[in-house]
Amino acid sequence: MAIFIDLLLNALVIGILLGGFYAALSIGLSITFGLLDVVNIAHPTLLILGAFIAFFLNSTWGIDPVLAGLIATPLFFAIGWVIYQIYYNAFEKSGAESLRGLAFFFGLLFIIEVGLIIQFGVDHRLVEAWYIGESANIVIGSEIDVAIPYRLLVAFVVAVAATLAIQVYLTRTFFGRAVRAVAQDMMALRLMGVDPIKVKRIAFAMGVATAGIGGALMIIVLPIEPSVGRLYIGNVFAIVVLGGLGSISGTLLAAIIIGIAESIVATFFGPSWSPAVSFGILLAVLALRPEGLFGKTAGAH
Amino acid sequence: MTRILANRVRVWLLGGLMAAAFVFSAPLATTAEAQSKDPIKVGFSMALSGALAGGGQQSLVAIQLWAEDMNKKGGLLGRPVELVFYDDQTNPKNVPGIYSKLLDIDKVDLIVSGYGTNLIAPAMPIAIEREMTFMGLFGMNANAKWEYEKYFSILPAGPDPAVGFSEVWFQAVQKKFQPKTIAVIAADAEFAQNLKEGAVRNAKAFGMEIVYEENYNPKTPDFTPILRAANAKKPDAIYIASYPNGSAGLVRALAEVGTDAKAVGGGMVGLQFAGIMAGLGPMLNGIANYDFFVPEPTMNLYPGASDLIDRYQAKVKAENLKVDALGYYLVPWAYANVDILGQAVQAVGSLDQDAIADYIRDNEFTSVVGKVKFGKNGEWDRPRTLVVQYQDITNNDLSQFSKAGTRKIMLPADISTGELQPFNDLRK
Amino acid sequence: MKYLFEIVCVLLIIGIFVLTQVVGNQFYFFIGFVILQYMVLATAWNILGGYGGYVNFGSAGFLATGAYTSVALINFLDIGLVEQIIAGGAIAGLLGFVTGYLTLRLRGVYFAIATLALAIILETVVAHWDYVGGAAGTSILPKRKPELFDIMVVDRKTGIFANYKEFLFFLMGTVAIISVWIARYIENSKLGRGLNAIKDSEEAAECMGVPTLRLKLIATTISGAMMGVAGAPLASYLTFIDPLSAFNLEYAVNAIAMPMIGGTVSWMGPVIGALLLGTAQQVSSLWIQSELNLLIVGVLLVIFVIIAPEGIVGWFRKSRKGSRG
Amino acid sequence: MVELVIKNLNAGYGAVNVLSNVSIDVPDGKTVALLGTNGNGKSTLMRCISGLIKPTAGSIELREEDGSVIDLTEATPQEIVDAGVAQVPEGRRLFPDLTVEENLTLGAYRQAARATLSTNLDYAFALFPRLAERKTQLAGSMSGGEQQMLAVARALMSDPRVLLIDEPSVGLAPILVSQMIEKIGELGESRGLTILMAEQNFNQAIKIADKGYIIVHGEIAFASKDATDLRENDMVKSYYLGA
């Protein structure tokens, strides 16, 4: 019994932390895809770019990976700015539906991936930091020992902080409210004296900017090589949809639900079923509540 | 008028694109030096991008080194050696087309495989149909169903590779700790699953009870729950058959959660890679894993291998190649893959595929991977995997791994350089 | 002429057959097989995605269903290629029907993500199904001397085809032409017009009396079946199959990218897209000896969708209209 | 204060011309009704004034009390809002997933309006107490009448001098229509706004209008001299009875 409780507690703790990590990967997409309706399928590959920049700064100058991620953020903001400018001129300007951009982002995915191969090679890379490979242990009685790996804790804290910051920004500032409004009605926004393209451009750049820090967290948690990004396309889109399009806090909660589900399954039922369970949850939720767990209006998109 | 002009521009753009595509697609010359005689072309596919590119890129450099060596020595059969290769993107689907192009368009004279079972298998029917001798690099039982008599495998795992791969590990662990219970963790992917199957059979043969046996999905980001679940069964040993991502993840989980098992490791692919070794550093201490070549003094058994590795490392440095900086894992094997074929061609004195295959089947070879003799289905007649234990790693400096002492050989006994120690004794 | 298109189809099939008999160089059959397989996949995707506006993100799941149906039946009954294609199509069609039924309420990206989820769940299940090789994969040896209605199909001397690749190429070619014919037929039928109405506005279509639910079910079933047909010969082509190669992301990417490049409004779009992108992929990977081949595919994708956001077909239509006006 | 003057305006979508030679004058502080049935170009004119579509010919100007003129013909929507022109668009165009309060705050997006945000908010809540009650509700979940109130209130948040209202009565129950029209009249008086209201409900619109135009097929078919002329002219009657 004690062993069971020990396993359960650990599974829950790891699940929550893992959820924070997933949230860090998904939060940018929650802005670009959830709020702005741009199907940025290259987001996971941008995360890998962020991971490699963190690796570069870490291995060259020993800069802490999280700090490296923060340093890279303005660069990613600029990258996002440029990507949106191209995307807008090629697709949105002519009123093409958002799915038209899919092929564009697939192409971008390949280009970034090859760029990474050329620059960094194909080997798996890891970073060094004091919190990697260490854990805090909370011991209760003689048989319960909850280990909290610092590497996941860092990811969790950063993810939660980023989610809260973005959430506050989107709800409390004029610009943030405009971001939330822009996918709902661009014309009405024009009538308020807002330039919706500018709003979308900056918001998209913000979403991409999160890939700088998200990528750093990624390489803190797991080893990275250029093609890893593809594996995470399904996960990040699933989490954003599960959380409800346009809901930043929903994305965090959905990520935590998936994290806990995967961790419980891995502990008690066999880890190889994890993807089936998390995507099963997604399917079940979509069947019962098509707007996602925390989405507001059904079929708005 | 402007519209017509716009259309012209469009047509021009499209035309230009097509032209650009053609210019790019024009066959790029290989390392063709101006030599009078017709070269002997050696063709292969290689994973230069995608999930297995780490091994593929390393293998390519090794094969290029072999070609350089041959041409310095005056070539094969007095003709220069030329390599023809394409990137299979770690996607089996590209492989049949590549080998067909190699044989039908590029008219290569010899073929060897790409890296890994699922990239060897799709080339098999073509090799069989053309009756080509086919060397396979790190394929696991790739010829079991085909039973093709001209296939030869470069993987030192013996006639039954799945079992042979982990047999020494079980011997080493059994001898030292006599474990009664064992946990088996494996990645949900081809090579790891074969390793697991072999490990399960070995565990039974050695009388160990399997108390935990689970597979994990290759994209699992965190392994602590898996390790905890395995620990809960209190195994005496943990056999892990994993891919690079899982190997690194499990090593970190071992650092964070710990285990009471005495022996941990076995079939962890990736721990031999420079980037991962440097990244994990001291966390590797205590892991007992398979390996093929380590810079221990007793490895002189492999004539020329150290030299080859030195040249590889120098080449990587000099040309600033973005590949594995050390190259211990695959370089000797990828080299041997073409070297044995080359030796056979030289001995037979022609490119007669039947004669080449007969020669390879009937003779023992000495290459950079030591003495090689092939047996059933073209597998090695006896296994020669190493069991190494990571010891005395103090930091994340890559250079320590190119010196003796960090990966000591436990078995085979004749080249052993250390004693297997309980996992936890080597942790700080 | 009323049946011109049908006659061209039959001539093309005959042409493909003649090619298998005349062309000696096997290479073209390998490349041709891959491109034709993409043509079937892209055409299948376009029936639901291009006509109906429902983006299937899980094409790889349907294709793999066809492939694994073949594997299971080869293991169980040792059936031949033609039967595999029929069975693969039937099971994938059934899957399409079930998918359609489960996701009837879902629109837009929700539908896309649901299909992706389905593909991942299927992949996990297949990885656990040891009978078809599980995660380790399994080798599939082509039948030694396949017969169809007592006629020797593949044999170097006495068969219709001298080797298996010719047979595979011929089958895939026939399947591709039939798929394109079906797509064209649907485009001009009540089903196609109904799907178009759904694409424009599902509410409006419903108001006009279009049986939207039924049409969607029919479309998911046909599209799924065609993808299964495209996947059924995969095991025989690769002779080794594991979940990683059957559920490869590449299929999902190409199934979407090819119609988008070609143009989604007409049956010609996926055909042109598959020919263009498929050839570009093959040519770049087979003539460029490095990872740069992927870069060229990426750049081509980006450039094509930027200069022709409505696809090649739309681009030409616009050009024609432009030069007239 | 300010007068909206439109002269010989032509506009349309692509090759299709919708408005031809439209001239309208909205005097300072007056409410002008732009009457016409569906599809005659009312909304196109409104969009032109707000800068959402560019006219092909003619001019749109704001004339200040001191005689200076602001030319809005080529201005961007942002510049037009900055010049003090706000629009309540046809179909309300609220942000359904944002709350009432957030919708209102977005109305005060331009820098100048942010300073007076709280007074304007108070004013809007006083004008439409319903909105105060539903402050935190999502706009999309409200009834049609409430949504229309919100749309009007949102336009007011930018501190406009000129208010364009496009079809305030559409989709509302008859009782709500007259309430809404009364509110607009009240608003015009209490704030001294210059209002151009497009409406197909002639009966209601003429109640509060100081003068009116009838637009047919994109052309001004009738321009009233004053309020009385608008209410009593036979031509107007024939139009709305005919409609």
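The letters A, B, C and D name the chains in turn, as written, and every chain counts its residues from 1.
Heads up, the rule we're going with is that a contact is a pair of C-beta atoms (placed from the backbone, for glycine too) under 8 Å apart; a residue touches a chain by one contact, two chains touch by 3 or more.
Predicted, not measured: the structure shown is a model, and the values here were computed from it.
Q: Starting at subunit C, find the fewest moves between touching chains needed to arrive at subunit D.
A: 2
Q: Taking each chain's centre as the average of its Cα atoms, which chain lies closest to the overall Cα centroid?
A: Taking the mean of all protein C-alpha atoms as reference, the closest chain is A.
Q: Based on mean C-alpha positions, I'd like to know which chain lies farthest from subunit A.
A: Following the centroid criterion, the farthest chain would be D.
Q: Centroid from C-alpha atoms only, then distance subunit B to subunit C, rounded to Å. What do you get?
A: Whole-Å distance between the two chain centres: 34.
Q: Could you tell me the distance, in whole angstrom, between the mean C-alpha positions of subunit B and subunit D?
A: Centre separation, subunit B to subunit D: 73 Å.
Q: Taking the mean of the CA coordinates per chain, how far is subunit A from subunit D in Å?
A: Roughly 43 Å, centre to centre.
Q: Where in subunit B do residues touch two or more other chains at once?
A: 48-49, 53, 188, 215, 217, in rising order.
Q: Which positions in subunit D are in touch with at least two other chains?
A: Where subunit D is concerned, no single residue meets two or more other chains.
Q: For subunit A, which residues are shared contacts with two or more other chains?
A: Answer for subunit A, listing residues that touch two or more other chains: 113-114, 117-118, 122, 272, 275.
Q: Chain contact graph: line, ring, star, complete or other?
A: Basically it's none of the tidy shapes, so other.
Q: Once the touch criterion is applied, which pairs of chains come out as touching?
A: Taking the chains two at a time, the touching pairs are A-B, A-C, A-D, B-C.
Q: Using the touch definition from the top, list the residues of subunit C that touch subunit B in their complex.
A: Against subunit B, subunit C makes touches at 25-27, 29-31, 34, 124, 127, 134-137, 139, 141-142, 163-165, 237-240, 242-245, 248, 250, 280, 282-291, 293-294, 296, 300, 303, 307, 315, 319, 322-323, 325.
Q: In their complex, what parts of subunit B are in touch with subunit C?
A: Listed in rising order, the residues of subunit B that touch subunit C are 3-4, 6-7, 10-11, 13-14, 17, 21, 24-28, 30, 48-49, 53, 84-89, 91-98, 100-101, 103-105, 117-118, 121-122, 124-125, 129, 142, 144-146, 187-190, 192-194, 197, 215, 217.
Q: Hey, which residues of subunit D end up touching subunit A in the complex?
A: Those in contact with subunit A are residues 50-52, 76-78, 80-82, 86-87, 89, 93-98, 102, 105-110, 114, 138, 140, 154-155, 158.
Q: Can you tell me which positions in subunit A touch subunit C when the two form their complex?
A: By the definition above, subunit A touches subunit C via 33, 39, 86, 90-91, 94, 96, 99-104, 106-111, 113-115, 117-118, 122, 230, 233-234, 237-238, 241, 245, 272-273, 275-276, 279-280, 282-283, 286-287, 290-292, 299, 301.
Q: So in the complex, the part of subunit A that touches subunit D is made up of which residues?
A: Where subunit A meets subunit D, its residues are 171, 174, 177-178, 180-181, 184-185, 187-195, 246, 296-297, 300.
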